[in-house]
Every structure is written in C-alpha cells, then in structure tokens.
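Quick one: the structure is below, and I'll ask about it shortly.
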Amino acid sequence: MLEHTGKPLDRVDGRLKVTGAARFSAEWDVPNLAYGAIVGSTVARGTVRAIDTAAARAAPGVLAVLTPENAPRLQPLPEKVGGTLFRGEGGMTETRQPLQDAAVHYAGQPVAVVVADTLERARHAASLVRVRYEEQAPELTMQAASHRTLPETFVGAKDEKLQVTVGDPQAALAAAPVRLERVYQSAITHHNPIEPLATIARWEQRPGGPFLTLYDTSRGVENLQEVVSTSLGLPKESVQVVCPFIGGAFGAKGWLFAPPLLTAMAAQLVGRPVKIEWRRQDMFSVAGQRAATHQTLRLGATRDGKLLALQHDTQTHASITSGYTEPCARVSRMLYAVPHLGFSHQLAHLHLPSPCPMRGPGETVGGWALECAMDELAAELSLDPVELRLRNYAEKNPETGKPWSSKHLRECYERGQKLIGWDQRNPKPRSMREGTQLVGYGMATTMYPAARRPAEARATLFADGRALVQSATHELGNGAYTIFRQISADGLALPLERVRFELGDSALPTAPTSGGSATTATIGPAALEACRNVLTALKRLATQSPQSPLHGQAEDAIEARDGRLVLKADATRGEDYAAILRRAKLPSVAATASVKPGEEREQYSFYSFGAVFVKVRVDEASGSIRLARLCAVYDVGRLMNPKTAHSQIIGGVMMGLGATLMEETQYDQRTGRAVVRNLADYHVPSLADTPDITVEWLGIPDPHISELGARGIGEIGCVGTPAAITNAVYHATGQRLRSLPLTPDKLLRS
Amino acid sequence: MHPFQYQRASSPAQASAAVAAQPTAAFVAGGTSQLDLMKEGVLHPELLVDVTPLGLTSITPLEGGGLRLGAGVSNTAAALHPLVRQRYPAVSEALLAGASTQIRNMASLGGNPLQRTRCPYFRDPAQPCNKREPGSGCAALGGYNRVHALFGASDKCVATHPSDLAVALAALDAQVQTLGPGGPRVIPFTELHRLPGDTPQQDTTLAHGELITSLDLPAFNGRSHYLKVRERASYAFALVSCAVALEMEGKKIRRARVALGGVAHKPWRLPAAVETMLAGQKPSEKLFRAAAAQAFAEARPLEHNAYKIPMGRNLLVRALLETSGLQPLQGPAGTAFAASVGGVSGEVAAQ
Amino acid sequence: MPTPPRPLTALGALVPDCALPDGSRLADRRGQPLILAFAAHAWDPAAAYQSALFARLVQEFDGGAAFVDVPPPAETWHALDAHGAVAARFGLTGQRALVLLDEQGRLRWQVTVAPGQPIQAGQVLAALEALRPAPGAAPRPAVSAPAEAPAPGSGLSRRTFLTATLAASALLLLLGAGTAAEAAPPELAPNVAPRPAADGTVPLTLRINGQSHRLQVEPRVMLLDALREQLHLTGTKKGCDHGQCGACTVHLDGHSALACLTLAVMNEGRTITTIEGLARGEELHPVQAAFVKHDAFQCGYCTPGQIMTASALVQDQQKRSAAEIREAMSGNLCRCAAYANIIAAIQEVQGA
C-alpha cells in the first residue's frame, strides 16, 4: 500500500525554492501597498507619557502614525485556543494586546507604528517619532525578581505538570550511597529563522462586512485566524490567514501575535494594505526566545550506578506579561528508571521580552543538564557513560508507569558506539590529541515526545484523473508538501504527479499549529483517511451504476489500484476513477476526514529515542571547540521520506550545536535593552561549523501511534547534541563546563 | 535612513574636495560598513561620494621591493594576488579570515581599515555612546563589554577596532597614501588610527575629506603570519588576533614586529621594549612566553573581557612559534586556514 | 483597482501565433475557444484559488471540459512562461490575467486580476457566457465589447471548452515583457550626480538578468529593496539587512555580493544577476539541480543566496575540498542547517 511513502523523494517544492519562485509572506505583490515601521520602546519598564509624532507625520510619504491613542481597540486574547492555555502562569503567550495601553514591559516593545508609502520613508519617519517615558528600574535577574511563581502546568496540558514528586526523592537522596549535585545554566537564545517576521494585511469590504486577509509568517494559520478575529471582534470567517511557505520557525512564528495584529491595525487605520517586515534587530524583542535557565540536578545512586533518586529543579524567566515556562524536566521525568523522582519549575517575571517554545522546548537545555549530570556520575563511578545509561534503562515510563508504545534505545546506543568508534577511544580525560589540539569523545541520550493531535483533511478527485488533498498545515522546511503528497498518492493509489497537496491557508480543513514534532503524526493519518473516504464515495458511484463493470459488487470487494477501482479478486475487472466520474456527470468527488488520536494515548507512553556520539577538537590555548564528527542513531518510528527526514535531523543537530557552542543573547543588565541583536553578534552555526555527520535511524514503525507508524523528527536532533558535545569537551580537557554556551572565554576561565 | 545626495567621484581631487566642502559628507566604497551603519541609524551623511568610479584598483610593485595596493582593490583581489600571497602572507591571511566571500568581494582596501567598531552600543542609537554621540556617555564601560579593549582605552570609550587587515598592516609598517584638502601625504599605518582619549568619535588621524589612495607595503624579507580567534569557525569578527612580521639573521631573530587585534581602539603594536626583547634572540617557546607576559603586563581588563588576557598571550606565543617555524602552520600560508585558530569543523582539516 | 492591460492585440483582432510552453502553437489550437490563465506563480500551492477555479469550471462544464495541462516539467504542474513571451503578446507584464480567445483565435476578452486576489471563477464563467451564442443576440455587455461581432459559430460549446493554464511568475513576465525595449544602460557620466527630482528620487537604469529596468528611486534605496519592492524580483531574500546572513546574495559583474549593502544607484552599469536569472528557461543551473537532488535546503529561504554564492564559486572550475567549501560558503547562514547537504551538492557540481 505504501508505494511512495517512505521513499527518499526529492522535495516537490524544490524547484520553486531553488528558483526563487516560492512565495514567502513579505513577497505578495499586493497593489497599493503601504509600509509600516516599528517604533520600539527604548526603556524596559515604565509608562509612555507622550508620543510626539509631528515630525514623523510631516515627513514625506507618511500616511499615519499608529499609537496607543489612535489604535483600534482590541478584545482581550482568548483564555485558551485549541486546548492550549494562552494566559496566566505556565501559559503560552503574552497576555497583553499591543498598543492598548501606555505600559512598557520590555525594551523593544512596540509603542508606535509609522505607515508610509515606501519602506525607506516609513523607516526614516519612525526614527523621527519622539517618545517620552516615565521610566522605572527594570528587574532583570531571576535572583532579584520580585514576582516569582510556581506554574502548575505547561500551557495547561493535563499531563504536563511542572511541579511533581514521585516517591520521596529527598529521603532517597539523603540515603543514597553516591550523591551528585550540580548546577547547570543556559543562556537566552533566539530562534533566528533566516526569514524575519512579516505580515501583509489587506482589508476589503465584502458583502458580509469587512474582511481581512493576512499574509503572515505563521506556522499556525488557524490559530492566528482565531486570535485575530477574536481580538478585532470579527467573525472567524471574516479573517483569512495565508502562508504557503515559512522561512523557518523553530518555535517562533507561532505563539506571539503582536506583529500580525499591529499590521492589521495599521492597515485599518490607513485604509490601505500594509506590510510590516520586522528588522532582525526587532526579532530580539518581539519574536520570542528561549529563556535562560538555572537548573539544579541532584542524583542519588548505588555504587554500581543504579539511580535511586533524581531531583531536577529549574529556575527560569518570562516577561511581565507572559507566563511561559521552559519545561526543563521533560527529559528527567521519563528517561531513566528512577524510583524517586521530583522536579520543580520556578518562574521569575522579568522586564525582558516574552519567551516561547524553541526547538526542543525544555528538552534541549533540560536534557543537556540531565545528560551532563549522568556523564559526571559515570565519571564519579568510573563507569562507561553508555553502561551507566544501560543500567538505568527504563522499560516503562517512570513517571506514569505506562508501557512505551515502542522503544529500541539499546540498539541506538549500540549502533552509535560502532559508528563513532567509541571503543577505540582512550576513556581517560585529556588523553587524546591531534596535533596541537585535544580530542574528546562524548555521548548523550536523546528523546522526544511523540505527540499526535486532532486534524482534518479533504480529498478531491477530479474528472480528469487528478486529485487534490488539503489541510491547513504548514511548510516550514519540514517537507510537508512532499510527504503529505506521498501519503496522499498512496492513499489514492495514484501516481505522485496526479496528486497535489495544499496547505498554509486558514480556509482549508482544520489543522493544528505546526510544532512539537507532531505534524507528520497528525496530518498524515488525516490525509490518509480523507483519501480513503473519497475512494469509498467513488466505490459507491461505481457499484450503483449499471454501466460499471463493478456494478453490484460489495464495496469491500473492491480496492484501488493504479488510479482504478478493481475487484480484489480479479484486478482486470474495474475502471479508472475518471471514467466513473464522467459517467456520473460529476466534475469531481470530494470527502473530508476528521481524525484524532484515540485510546492508545491512555494506554501507552509515546516517545522517540536516540543516542548521539560526537568527537570534538579543542584548542585549549584559545578555548576554541570544534566538532570533528557526530554520529547519531534514532528510533523515531517509520520515516515518510528519508531524504527530507535526514535534513530535518541534521538541522536539529546543528541547532543543538549552536546552542552548545555559540548562541547567546545578552541584554544590558542596567537597561534591559538587547545588546546582542544581530546575526553578527548572535552567532548561529555557519557551514564552517558543520562537522562530518552520520545520522541513522532504526526504521521500526511505531505500532500504536497511527497506521503510518510515524513519530515526529523535527526536534529530536536538537536534543542530546548539547550534552554529547559538553561531555566530549570534558573528555578532551578534563574540564566540566556547566554553562551554555561553551564560548572560548569559559574554557579559558575555568 | 535619512535622505542624502549621491554623487559619483570623477577624480581623487574632486572626491576629496566634495567631501571636505561639506561637514556631513562621506565617502562610500564597498559600502559594507558605511551603508550598514547608515541603515542602523548611526551615521547620517547628507552627501555620499562614491569612490568606486575612481578605479584605484591596481596592485603595483614599488621600487625597492615594496608593493602598492590601490585603495579600490577589493579584499578578495588583494588576498589572492600572487605577490601579496608570496611576500606578505599575513595580509592574505588577515583578509581571508575576515568577513565572508561576498563581503570580501565588495569591500575595498581603503574602506576596510576605516570600518567602524563593532561595539554593540555604538550600533544602537538608543544607547549612550560617546563615539556615536559625543558626550552621551559610554554604555559599554559598565555594561556588556566582552568584546572590548584591554589596552589604551579611556573612560570615554573602550571600543576595539575590528579590522583584521589593519592588524597585519600595522605589523608590516605599511604606509597610507592619501589625498586630502591639503594635498597628498603619507601616513605610517601605525599612526592612522588613534586611541579614544577624550574624542572617541575620531577613529583616525585623517582629515575630513582626506581620501586614501593606496596602502603601500614596504619591502620585506621575512616571514609574516596572522592568527585569529573567533567564536564561530568562520564569518565572525576576531575576539583576539595577532600579526607577526619576523626577520631572521641566521638562527636568530633580527627584528620582530607584532600587532594584536581585538584588544584596543587601534591595531595594537607591542611596545617597542617587547619587540626589542625578541631581537637578537634565538626563537624559543620560553622566549615567546616571556615576551607575551610582558606584552600583556599593561592590560586593563573590564568586567567581561579578562579572558582576552590568557587568550591573547597564548595566541601571541603561538603566532611567534608558527612564524618562526617552531610549530607548523595550521594550513597553507596565505589562506584562511593558516589564520583560523581551531580551523573549520569536520574530520578532514584543510591541507 | 485592476487596471486593464494594454493589449498588444486589439479586442477582436487575431492574436498572432506564438509558441505555448507545452511546445504547441497557438494557431494549432484554433477551432476551440481557449482560455489562457496567466497565474502569477507557477504551481503555487498557496493558490487554493487555482484549484477552486478548476473545480468550479469542471462543475459548470461537467464532463465535457477538457483540461489540457502543459506537460509537467520536473515537479511543477505547469510550465513556466519563463520569459513572459506569451504574456507579452497580451500586453501583460506580470499581472495575473485571464484571456479568452474564440475559436478563430481572436481576442475576445481579457481581465487582469489584482495580485493577492483570487481569480474569480465567476469572472471566467461570465466571459464564457458572453460568448455563448444567445440566439440572435449580440454578446452581452458584461464583457468588454469585442471590436467586431463574433463570427457565427464562435459560441462556446460546453463540449469544446478548453483551457490551458499557462503559469508564469510575475517577475519573469516583467522581465520578458514590459521592459524589454530598454536600450543598453547609458554611459556613466562621472561626477554627475543623478539629478534628484523634487521628491528626491533619481532616474536609474539597472541591468538585471539581461534586461534593462528603468527605475525612479531615492538614492537611499538599497539594491535589495529595489529588487524586492520595486521590481518584484523577490527571489533575492532579506534575512538581516546588514550583511550578516547572505540571503540577499546576487552576482554583480559575475562576483557574489550582498544586495543589502549596496545602493541601487551604485549599481548602474553593472551586470546584475539574481536567482531568477540563473536557470536557462526550464533548465536549472547545475547548482540549482544539485541542491534539489541533495536536499540542500529545508525551508528554502536562505537557498537563493546559497545558490548564488555557490554558482559564483564553481565558475572557476576548481575542485574544492570539503574544508574549502566550508570556508568559502560560510557567509550564507542556513538556520535549517542543510549545510552537510550543501557541501554534497557543491561537490557534485565541481566533480561534473
């Protein structure tokens, strides 16, 4: 049945992308377009007392200046959208709506928007706006924060409690023969997709009232439709969000809504379509970030390395107006068989920009802390790091007690060791060199929750033999166009060229925000089901038509094959889809499907797993660390397309590498203004930072997640890599670095 | 960006006069620093005089063995020029370890040493900065000053100069040919840049409207080499860098000239006392360590940049070891690989 | 709103023969009414309107409609009218438009569609209705009146309705059509500041992908913004606007350079190549083809810049080691980090 699915096909949108024809959000050629430019607050805390817009308004080409005074009034954000808690402690997003009041909660917060007829004029006029603030001293450190909370859940999810105790970890720690307590810290990092945030907003008068089209860099077109329509007090149907291509998101572009709302308001004010393309500099204030963390790991173990207790306590921060909490214990809660397990998350509200998920939220930095602590414990016990992990291999989920849907982590360790040559290394720290450089090997376990969400899809068969399958999901580099076309072609038994998959439009059948590595597991089954439904409809047409060779046959005696419905028993008896439709005088036949995960979610614990091994070179005299090689083996279920999957995974690996070695955003500790605010100061890995990478997967389908057997792969590469590198640096140098990123100064200082 | 007038230069004299005549005029060559900062809202010239039509793109040997590099030569062209590579590998290495392929294609030799600091506060018009806005204060002094100066800073400014090329030119005692309102003149490269003192807005000793026409490399019969430490394997500014020009006499050092980058408001030539310490000596790690210790004796670290002291010392030792042949270069002389400490990632190092 | 294009062919006049992207000739299609749909993009997956239109038309004309597609080149469903040659016949320079020819090949109706707006199936149907031979009646006035009455029998039979969808990117059409007449750029007049107009703009001619474009811009307009905002050549991307990412890489006189750090006015007289000018018609540049083959991208946003740097790099036909590629390509950041595949793609092109 799966003829196309699972094949390493080239991306179907590849040609568009390599010719520059793929259309990104800022690139719609909307007539009469005006340009918006943002005036960001220069203070991090205070009140806007006055905005002098006279000079800006007098500047050539300026159409209007949007300020809290003249901005359209917005309704409050919904409490929850699609099951995701938006507001409050642990909630996903900023509570505050833009330009509705004079309060300033972080530097760079938009306080005005200048709209002009050209980009240059808008930007220049924005520099002419004078804002007077009543300034207050911002709170910028977690230790000194006056408002600290203990959020109950992560974005309201019932199964994601943030304060948990299983057994009695305190007592177990006290009694443990071997104890280890370490603090790990990680810096603020930014997603920095290469495509900046952008929105074009276009209002029209339609018979039913005003209608708003948003071309937005959104990986949640329906979510955004709901947020924008609620905020503007419009019926949901009066807002359409379009986004066929996203230039990378990595957790951004999903949950912070001020940018599209500001654009919609600006367009309303000037009565013209408006485009706001955010400057890279602004992305460090409005695009979301991974907050810094301060994590205390306490491990108790027997002398032979059996974990007795694990306590993982996190301090992290959000803005004043957001309760988003980096869920750092996501790995600790499930990775090892530990009888006594505890974790907590303390959230400090600071006058810094709002955080949001970033690739591997919680897992990337929380997993780093855990897997570094495990390496430290292995060293303490003189155990091989892999062996320590095997001794604590979890046969079921230690927090919930549920069995895994599918887990083959042992094979990953085994294969990874072979690939990197684990046994050939000298396990003694500081024992290996190449030329003037120290060499080290390190490993870590990786995991990722295998989420699946409800979704809908529609399949349409046309009388000319082609088909269209649609769902409001997103193409953000994940290969959505490609894999869902593959799946749909299989579902319809049609050649790939005759099937098209459409996405990225809120007018299409419902799909969730693309995130949490859940897109494949969510949309794949929906597409498949829609295909099946449309074939059922077609079967009915055939069996009911006296002229059909299939007339009077039972539907389940018929199957689809090569664009034809044929008798299972006799494939020569049948007819092609187009013929059935033509005879029925139907231009097309369509069917939808609405699918959601079922009982299995209650019965099993769904996770992907993997093992990451790296070799680093360390130039100790300068503190420079380079990766020579990375070998990783993943257990992620069945792959829909090994080619795009490989790219997803190495992309994740490199983002993990960036967080480990170089990525760090700094805010001035006095003013709260971003000091690192561009791509020259915020280093993301370049091609020169790319090691030789070998990625393998076991390819064992998950028997429970869906009939496709596919779990997600978007984030698992990012998790594990940081600890593997950090542990390798220890092996190379004998130094434990416990603060990300491992920039040269840290190695020199320690 | 503020509106401005744009003019193409027709001759060096015309260009110089045009800029000199208007206090708010500036030259533009490759534009990679000038336009960058105009877009940031840091610079607001009202007239931009494009010097690219002047050509000035030749590289010509000078009598007596030197080499004249036209101010309009692109960083790429200079770095790959056979005479530059052969005679002054430090120059090629510095250029190729800087920026990216595209920027090197655009950037001119005249513009490169005149690029402005990468101090993040300088680049943000909302922050106080004496260099951008004299008298507004120095936000870096008590702020995030990880990339700032160890030497020669003032309480008005602690910025560093970001050019790689400039460090190599300082070690090689290049000369700057200019044409200014007062006619042509020659400036020793080490005197082109200045320390911030009370007027950090002034990066160089050039007069307003003084045009660089060429950079002259004096004859040199020795080895030169450039090393650079950065936070990512490529496409990043130096945390610390070091250029060495070493002349030998038999087994002994006749003259050693060393400049450090990333540590001061200008390329930081080592104090004469340290350079003379090396002269007449046989190269050895011990000697170099002693010189390095001496070189950093006067370093004045700020809150976040003390790491540059051990980094700089180690780098200096290593640059001397590699230039004197006591340690192999990391890659072929005259390439980015020779200059990049740590090299690129991956198993196979460049050979 | 939508300004009607200036048809090269008058309404009612015979449209001169030309080659269609599928290789057939317009003249050969006479005998059936023909709708040419100039979509602004090739197969644009965003364009739910394309499929909606398609579905509506099938519905209206039931099984009798024949939909002739141009054979799929590589992945796309529709051939690109890459140089805007066909579009130019209709005076189109980038707009999306529908053109209706009658059975004799005469231009009957033409409408342009505002960008960002769906082509309304209703518009097409209204046009078709108008051609239907209402017994003894003239065509309905809902449609721009043809210059001459339709020849007898030019009515549209549902059975013979035919549509070919010629998709063309707006940019490419622009190149192919409106500006083709431009002469070579004027000689640079040294020391002559282009005289600014009252609004501060200066006239400017840019030579891009072999075509001259005349613009009127302020001196502060960057080449990148001129390309993206004025010429709608949006293949060149903006990632940082400050030289820090490489997404805006173009070729200036054959060298890779950043369009975000050079003024448009500084590039008069230079030969500018953008990603749109790299492929030769349907045939991808070897670097483009290798990028597809090796999946050297994910989201595709950095990709045009990567390809422009790489295509400039491979011109010298040197065989670079992986380390040399790492170094030479470090100025193009890819946050999706398709780096390992980019190395593979470039190595393949070098090896060829």
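We call the chains A, B and C, going by the order they appear; numbering starts again at 1 in every chain.
Keep this in mind: a contact is a pair of C-beta atoms (placed from the backbone, for glycine too) under 8 Å apart; a residue touches a chain by one contact, two chains touch by 3 or more.
Composition by chain, UniProt nomenclature: A = Xanthine dehydrogenase family protein molybdopterin-binding subunit; B = Xanthine dehydrogenase family protein subunit M; C = (2Fe-2S)-binding protein.
From a predicted model like this one, the values you see are computed outputs, not experimental measurements.
Set against the C-alpha centre of subunit C ((2Fe-2S)-binding protein), every other chain centre is closer than that of B. In terms of Cα centroid distance from the overall Cα mean, chain A ranks first. Computed from the mean C-alpha positions, the centre of subunit A lies at a distance of 33 Å from the centre of subunit C ((2Fe-2S)-binding protein). Spacing of subunit A relative to subunit B, judged by their CA centroids, is 41 angstrom.
Work out the mean CA point of subunit B and of subunit C ((2Fe-2S)-binding protein), and you get 44 Å between them.
Chain contacts: subunit B has residues 1-3, 233-235, 343-346, 348 touching two or more partner chains.
Under the contact definition stated at the top, the residues of subunit A that touch 2 or more other chains are 120, 124, 678, 680, 685-688, 690, 692. The multi-chain contact residues of subunit C ((2Fe-2S)-binding protein), meaning those touching 2 or more other chains, are 200, 218, 220, 241-243, 326-327, 329-333. On the subunit A side of its complex with subunit C ((2Fe-2S)-binding protein), the touching residues are 10-24, 26-31, 60, 118-120, 124, 191-196, 200, 202, 213, 215, 242-248, 250, 273, 277, 279-280, 460, 462-464, 468, 470, 475-479, 481, 497, 500-505, 507-508, 581-582, 585-588, 643-644, 646-648, 650-651, 653-655, 678-680, 684-688, 690, 692-693.
Contact residues on subunit B toward subunit A in their complex (touch as defined above): 1-3, 41, 118, 120-121, 123-127, 139, 142-144, 146, 229, 231-237, 239, 306-307, 310-311, 314-315, 317-318, 327-328, 341-348.
Looking at the complex, you find that subunit B touches subunit C ((2Fe-2S)-binding protein) at residues 1-11, 14, 28, 30-32, 35-36, 38-40, 48, 50, 52-53, 76, 99-103, 105-106, 233-235, 336-337, 340, 343-346, 348-351.
The residues of subunit C ((2Fe-2S)-binding protein) lying in touch with subunit B in their complex are 188-194, 196, 200, 202, 218-220, 222, 241-243, 246, 249, 252, 255-258, 261-263, 265-266, 309, 312-313, 321-324, 326-333. Of all residues in subunit C ((2Fe-2S)-binding protein), only 1-2, 40-48, 51, 54-55, 57-59, 61-63, 65-67, 72, 74-77, 80, 94, 114-116, 169-170, 199-200, 218, 220-221, 225, 228-229, 232-245, 247, 274-276, 278-279, 284, 288-289, 291-293, 295, 297-304, 307, 325-327, 329-343 touch subunit A in the complex they form.
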